[in-house]
Structures are given as C-alpha cells and as structure tokens.
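Take a look at these structures.
In the two assemblies presented below, chain A is common to both, partnered first by chain B and then by chain C.
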Partner chain A sequence: MEGVSYARMPRVKIRELKDDYAKFELRDTDASIANALRRVMIAEVPTIAIDLVEIEVNSSVLNDEFIAHRLGLIPLTSERAMSMRFSRDCDACDGDGQCEFCSVEFHLRVKCMTDQTLDVSSKDLYSSDHSVVPVDFSDPSNHESSDNRGIIIVKLRRGQELRLRAIARKGIGKDHAKWSPAATVTFMYEPEIHINEDLMETLTLEEKREWVDSSPTRVFEIDPVTQQCSLLNYGFGYALFSAFIGNAIVNSVHNSKLLSLSSSRIISRTNSKEWCLTFIVMVVDAEAYTYDDEVLKKAEAMGKPGLVEIIARQDSFIFTVESTGAIKASQLVLNAIEILKQKLDAVRLSEDTVEADDQFGELGAHMRGG
Partner chain B sequence: MNAPDRYERFVVPEGTKKVSYERDTKIINAASFTIEREEHTIGNILRMQLHRDPNVLFAGYKLPHPLQYKIIVRIHTTSQSSPMQAYNQSINDLDREFDHLKNAFEVKCVFLLFFEQYICKFYDIIITGLLVYLGILLNIE
Partner chain C sequence: MEIGSHSDQSKSTFCLVDEDHTFANPVRFTLNQDPRVTFCGYSIPHPSDNRVNIRVQTTGDPAKEVLKDGCQELMHVCQHVRGTFDKSVNDFKRTKTNTEQNMDTK
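Let's look at the complex of A and B:
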C-alpha cells in the first residue's frame, strides 16, 4: 500500500489572536479531529501548578487544606511545561522539590503587623525559578494602577501569619483541573444560511420584521435598498416621491419611524426613471446563529416553510480558545497538536506484535491451504 | 476511600503493553486492538480515519467501562488489506494530517505576529504610500 494516503490537508485561518484568546477557522477536516483537538486542549496539554504544600505557620482564618487548594488553583506561567518532566517519570529525584527537571519551589511568608487587613495574594509567592511565576493579570496599558494585586489567597488581620513552602509540578487537566491551561475551548460548525429571496418578497415589511425578530441572536437584519425598477408592474396606486424624498425615507426607516408600513415597497420617480425602495432581509452575522431553529419554526408558523435554509457545514469549524494565562492561546493550540501526535505515536503497534502476527499469519495461510 | 488513583487513567502500568492485537477467530481479516489508557480522543479519530479507507469494511471503537481505562478498536477489512495494515495506515495518515495542521497554524501565527509588529507600526506610512500611489493612478487617468 505504498503511496496510498487518505490523509487530509486541513486549512487554518486565524481570525483573532491575543495572548489569552484565539479565534480561528479549521476547514477540510471532520468533527472527530476538531473534537480531539478540543479535548486535548482542555485535559491533556501540560502546565505547572502547585501540588505539594508544606505549611509552617498558619494562623489565618482559613484552614491548611483550604489554603493548599487555593494555591493549587493559581495559574503559573508554564511555557517550560512541555520540556519539563513529570515527577513520576523523573529519575533525578523522588519528587520532593529538590529537582530542577520536574519541580519548582515557592515560598510565602506574610505577617500582618498593622490594624489594616492585609491581603495575601499570588504576588506574595516567591518562586525559585523566574520562568515559573504566578500569572500577571495586570493591564499592561494601565501602568500606575496599583489596585491590581494578583489573586487573593487569604486576608490577614493584625497578628495573623502565613508561612509556607509549596512545590509546583507538571501535570495535565485529566489528573486535576488545576493543570488545565484552557478556560474555555469551543468549536461550532460553520453555518451556511440561504434566504429564499422570492419567498421573502411575498412578506410584508411587518412580517419581515417579525420574522427577523424571532431569532434570539442577531443573525438577520432588514436593509432598505433603492433600486431602479419598472413602475408598470406595480400600477399607479403607489405614492410617487422624488429621489430626494426617497432618500429621506431611507433615513427615516433607519430611525424606525416608518416601521408600521404595510407594504415592503415604496416607489418613487425622478424624471423618467422609477425607483423602488425595497426592504431586503440580509444575513448580517451567520455565526451568531446558535442552531436554535427559532427562525425555521417561525417561518413554518407564518406558513412559509423553506423561507430560509440553514446548513451546518460538516467540514468547517470555528474554534474559540481561551487560556487561563498559563500558556498563550496560540501555544495552547500548537501544544495540543503536538500532544495528539505523541499520543498517536504511542498507539503504534510495537515490533514484536507485528512479528508475532506475521508468523501466525503464515500459519493461518497454510491452514487455509495457501 | 477505595477510589482508584487519578493517574491510573493515563499512566500505563509497568509490564502492560500499550497496544495489544487480537485476531478474530472466525472471520478472516477481522481483529480487535486493545489500547490501554486511551479514550474517545484517540478512539474516535482512529475510527473516522479508518472509515476513509475503502478497504475497511467495519471500524468501530468502544470504551467498555468508565473504570476500565482502555478502548477496543475493531477493524474488519477486505482481502486486499488486513486490519493491521489498515490500523498502521490510519495512524500514519493522521500523523501526516496533524503535521500539516501544525505547520499551517504556525505559519499563520507567524504571519499574524509579523503583521502586528511590523505592518501595524508603520501603517500610517503605508497608508500615505497608498494614497500617493492612488493619486498617481488617478492623475494618469
């Protein structure tokens, strides 16, 4: 079977990329790949989080376990995580935090000496490794804002003290959610919306508006358009306007003053040309559609089934990735692909299995009279 | 109290094979692959990839029990192929797909970064340039 390949070549288009947010399109693949990617991003991309806490002094209002749990949930910058070792695989140590390959040590020593309540936050954690520190959420554009003090761990009153040593390790979200680098990862099928224009034109403006408003999200909109058309088709019962007045109507429709118009067409005439003002229903944001079927039900209820056709494209996905800040959103996606590759590599058949089957296969061929 | 350790879900115990292969005793060209410590992530992509192979007559996977951390992939092929061949091919194809995906994503990221750092910084220069260029075009006309 040399040369035969059923591999696909997916296409990617990045719509938006920030440090902790990414939105991209993934095309020419199927839902299994998209879902594998999502699952891996949430549960199998490694990060670093506090895993062991040794409390020396704790006279705060929270008990030791409570504080240890809170420390674990603090996101730590984890660019190093992919190249780090899991402490269970580390042969240089026994996972007690003495080893640079698998652990990072943190210290926290705070005592409140004043009458004012003291906030102990993630900024009070001192790391032994400058590349693994609590994530900084302060706004870089807002320099002098001093109110951003990191993630609060506990509040201390006069005389209370918290002193501890913590060891952060590499882990994955499958083990404990504190290791998950993803805040949210979602994907949706790309919707393809086709409006049946002919059927739509049989609706009055009010009906159109009613139908457009039946969508819980803003997917459709009514747009007034002036276009040249033949007056003969409409007879002379319509009001005649000059082009100037026609424009005024367009503006006033925008200000929703003419919404109770019963007809969806207005005809105006300038010199010998006829203009008609048509209210066209347009798709303004197909992705705002949540596959709720409300507009389809509405069309059915109005006696106009097939007014709109909505197709979920099975080979095209829109991803939104939000990171906790432990790693950049773009890196999260890349790491997920890398992890998936590693997983696939791990499920390859080992040589001895193949050999065993070859012998068995020959035997089988003999038995079958080959 | 007697809950299994969390790492049991993804650490293959020592002395256990990650993948074991078992031929069907009755049907030729049918076999089951038992993959230890894997779940839907791998099972589903393998299954879907196997469906793309025209020599595969049947491909399916199951997670027998939520506390048995393994999946079973069953493959039945035509006589043109074999379950093992189809299995290996699907892994190779998926690997290639992810390689491609990784490259595609990286290229787009680098391009975006370049755009942000380089072009956005000098965008007024570029816009001025464009305007001048347009002016020249219009003058020629």
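Let's look at the complex of A and C:
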C-alpha cells in the first residue's frame, strides 16, 4: 500500500461569491479532475423538480402536457436533495413513490375572475414542505417592483381555470435537464502572457495602439510611464501633462513644442522643463484573454512574430459557476465533490467480488484471443 | 460495476457499468501518477451503452489493488479540495464582512 501520497494536493482561492454565482481558482491539479468536477456539477448533483402532475381542471390555452412540462422546469429550492432518497429506492412508501420521505407535494388552484388577464406564476404553487419552494428570483433590494416575480406558467382569461396536483422528486441532470442545478459551469486555463519588451520598443505609438486594439477583449493597455517627471503646476505644462491620458496624448503633444517623437518616446519641452514619456504596453487583465489568437496574428501581420508569448498553464483553472437558484453556488461545488467521492467509494467497495460472468463472455473471449 | 480479469493478476481490464468520462478520466490520471503502474487507459466501447473499460497493467502488484489505491488517492484529493474550498469560502466571507464593517465605521 502506498503510504506516501504521490498526488499533488490542489489549492483553491475564491475570487467572487454570490448566492447564485461563484468564481474561483483551482490550482495544482489536472484538467481531468477539473473536468470531472464540471461534469458532476452539471449532470450528477441531485435536485428536486416536479416529476408527476395530476391535472383536475385545465381550461387554459395550453394543453395538459405542455403545462406539465413547464412545471417540471421550474427550479425548486433543493437543500434537502442530498439527504433525500430517490423514489425508486424508497421503501417507506407503498410503491407509488409519493411518500413524505421521497417526494414533495405541490398544488395549484387558479381561476380567472376578472376581465384582466391573470398570470399564473410559480408564486401560485403551494408546497407541502416549506423548505422546498419555487426559487424566488427577486432582487433583495426593496425597490425592485413586485410585479416581475415568479416564473409565468400560463396566462388565463376570464372564466379559465387551472387546478392541479404535482409531485416533486429527487433526480439528477443525467436523467432530465430539469434536475440540473447549474445554469452554466465553465473553466478556463489561466493564461500566462509574456511581452517581449525589446521587440515592443521597436514599435511606434501608433503601431502599439493598433496592436492593443486588435484584441477583441481588453487584455492589454498602453500606459505612459514618465521618467524624470516632475508634475508641477506651471500653466501650460501642467495642462499638457494632465491631458496625457489615453489617446489624447498624441494630440495634446502637438500643442507643445515637440523636440522629438521617436518610436515610443515623446520628449516635449515647454516652459524650459523637459520630460520624457515612454509608452509601455502592459497586461491589464490577463484573464480577459479568450484564447483567440487575434493579437498573435496581428503581430505577425505587422512583421513582429515574437512580440508576445501566451501560454495556457496546464494546471491552473479558473472556474465560473452559475446556479439556477435551486442550490447556492458554493453548496453546488461542495455537493459535487461529495458525489464524486461517493462514486469512488462505490467502485472501491464493489471490487470485493470478482465476477467473470457470462455477460463478460465476450470480453473474456476477446481477451483470451477467442 | 463489474470486473473482467484473467490469469495474470497484474494486468486486467475493469468494466464499469453506469460510469462514463466523469469517473474514468480522473481515475486514469491518478493511476498514471502511481509509480507501480506501467500502463493505464480507458475506453468507452459504445456511447449508447453506459459502460467504460479501464485497463490497468502494473509492475507486479495485483491490478485490483492498484485500482483501489488509485480510487483512495483520488478520494484524498477530493477531501482536500473540499476542505480547501470550505476554508476559502469562510475566509472570503470573513474578509467581505470586515471590509463592510470598515466601510460602515468610516
């Protein structure tokens, strides 16, 4: 038995954390583990969703199965899901999968009495368990209008009625997407960007600006770095300098007496004071880089192929997790790890019996060269 | 989840039912890190069948044991990630409330 762990232990750092959104870094691990985490988050973390609908009255414009389908897709708060049993595994109920341990009952009774169109929304669904309710998407701040709350299921006209009873069960995204708790889970390789300073020096300001702008997302920016600078306020000189931000630089320089405009430096002289500006291209947001090679292609087109080197670090990932609201984003990640551990346990423990069965006759025959 | 193995204990193919890339790829990676493993790979015979074959060949230890150890190792990694994530969340929440308090008192 291996006593010493030969695998590297990953590190996690959280960047952003809201109720339904989490952004974190996962380092010192392999893409296969990061991908496994992502796949489990999407497809195998259990939630609760409406699975059986008994319709008593439906005189709306949508037919029964249409409404049942819509009800299934409504996200329900599923904190209980990890501890619930699957209906098929439940031995407490009498076979119909509707007992209190494995299911939650909802009912909806609406009738439109007024001339105004009645919106039947998820707010009208009443649950038998107050911990499992349709997710409330309203903004926590008070000045959000109360009209836009709840997912609209159907709209009713005067005289139309909808009465139904629904059973919600535990399930996983693999069976049906309504049970997936993740709106989207993505991870990207962390980029490492190295700018070749020497090559960058040979570019003019215009070329630099062109190159920086060729990136569809704002990864680089030109920054004027002043050398021997004294930011004193004497009249024209000060006004000139304070205008040195962004593109105004080139224009405003023309106002002063330009001594020289070399490839990347502007030396100007006003009021007998000199200062020299060097424009450097710096990385302002490395993670905005989407691995499109636009900046590389532009560098080649400009005749400077080694201008920048961008490497995707193979062991550093930035995860973005957005949840539907059924489970909190941080809880989603924790549940995913839990499910992965359960899978590993299942395989480990089932190894105790060796079965070279008839089922594997084919595999066995193939292996034996049959 | 079942096993198909043969006369030589150090080389065998494990056929897992109801599993896919989600499980097999990390296990494959972890086993490849193990110095006792000479070969480890997985394949999915047909995407419509929910089966995955993991092939393990070792330097002498029984392949079953090595697979179990690999799963164990991966479990430790998962535990560690979980603990680190929990700690990170708590740290983040703490620094957030600290900055909010600082902003309130200022």
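Throughout what follows, the second predicted complex is superposed on the first by the 294 of 370 C-alpha atoms of A that agree within 3 Å, B and C clash if a C-alpha of one lies under 4 Å from a C-alpha of the other, contacts with A are read in each partner's own complex, and residues count from 1 in each chain.
Keep this in mind: a residue touches a chain if its C-beta (ideal position, glycine included) is under 8 Å from a C-beta of that chain, and two chains touch if they have at least 3 such contacts.
Fair warning: this is a prediction, and the values are worked out from it, not measured in the lab.
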* Asked: Looking at the overlay, does A:R88 come into contact with chain B only (first), chain C only (second), both, or neither?
  -> first
* In the superposed arrangement, which partner chain does A:V57 touch: chain B (first), chain C (second), both, or neither? -> neither
* Once the structures are superposed on A, label A:D175 by its partner contacts, choosing first (chain B), second (chain C), both or neither. => first
* To do: Give one of first, second, both or neither to describe whether A:P10 is in contact with chain B, with chain C, with both, or with none.
  => both
* Would you check which partner chain A:I33 touches, where first means chain B only, second means chain C only, and both and neither mean what they say? => both
* Asked: Does the superposition put A:E44 against chain B (first), chain C (second), both, or neither?
  -> both
* To do: Using the superposition on A, tell me which residues of chain A are in contact with chain B and, in the other complex, with chain C.
  => 1, 5-7, 9-14, 17, 24, 26, 29-30, 32-33, 35-36, 39-40, 44, 330, 333-334, 337-338, 340-341, 343-348, 350, 353-354, 357, 360, 364, 368
* Asked: Any idea which chain B residues touch chain A in the complex?
  -> 6-7, 9-11, 17-21, 23, 28, 33, 35, 38, 40-42, 44-49, 52-53, 81-82, 84-85, 87-102, 104-106, 108-109, 112
* **Complex interface listing, chain A residues touching chain C** => 1-2, 5-7, 9-14, 17, 24, 26, 29-30, 32-33, 35-37, 39-40, 43-44, 330, 333-334, 337-338, 340-341, 343-348, 350-351, 353-357, 359-360, 363-364, 367-368
* Asked: Considering the complex alone, what residue numbers of chain A touch chain B?
  -> 1, 4-14, 17, 24, 26, 29-30, 32-33, 35-36, 39-40, 44, 88, 172, 174-176, 330, 333-334, 337-338, 340-341, 343-350, 353-354, 357, 360-361, 364, 368
* **Touching residues (chain side chain C, partner chain A) in the complex** => 1-6, 13, 15-16, 19, 21-23, 25-30, 33-36, 53, 64, 67-69, 71-82, 84-86, 88-89, 91-93, 96
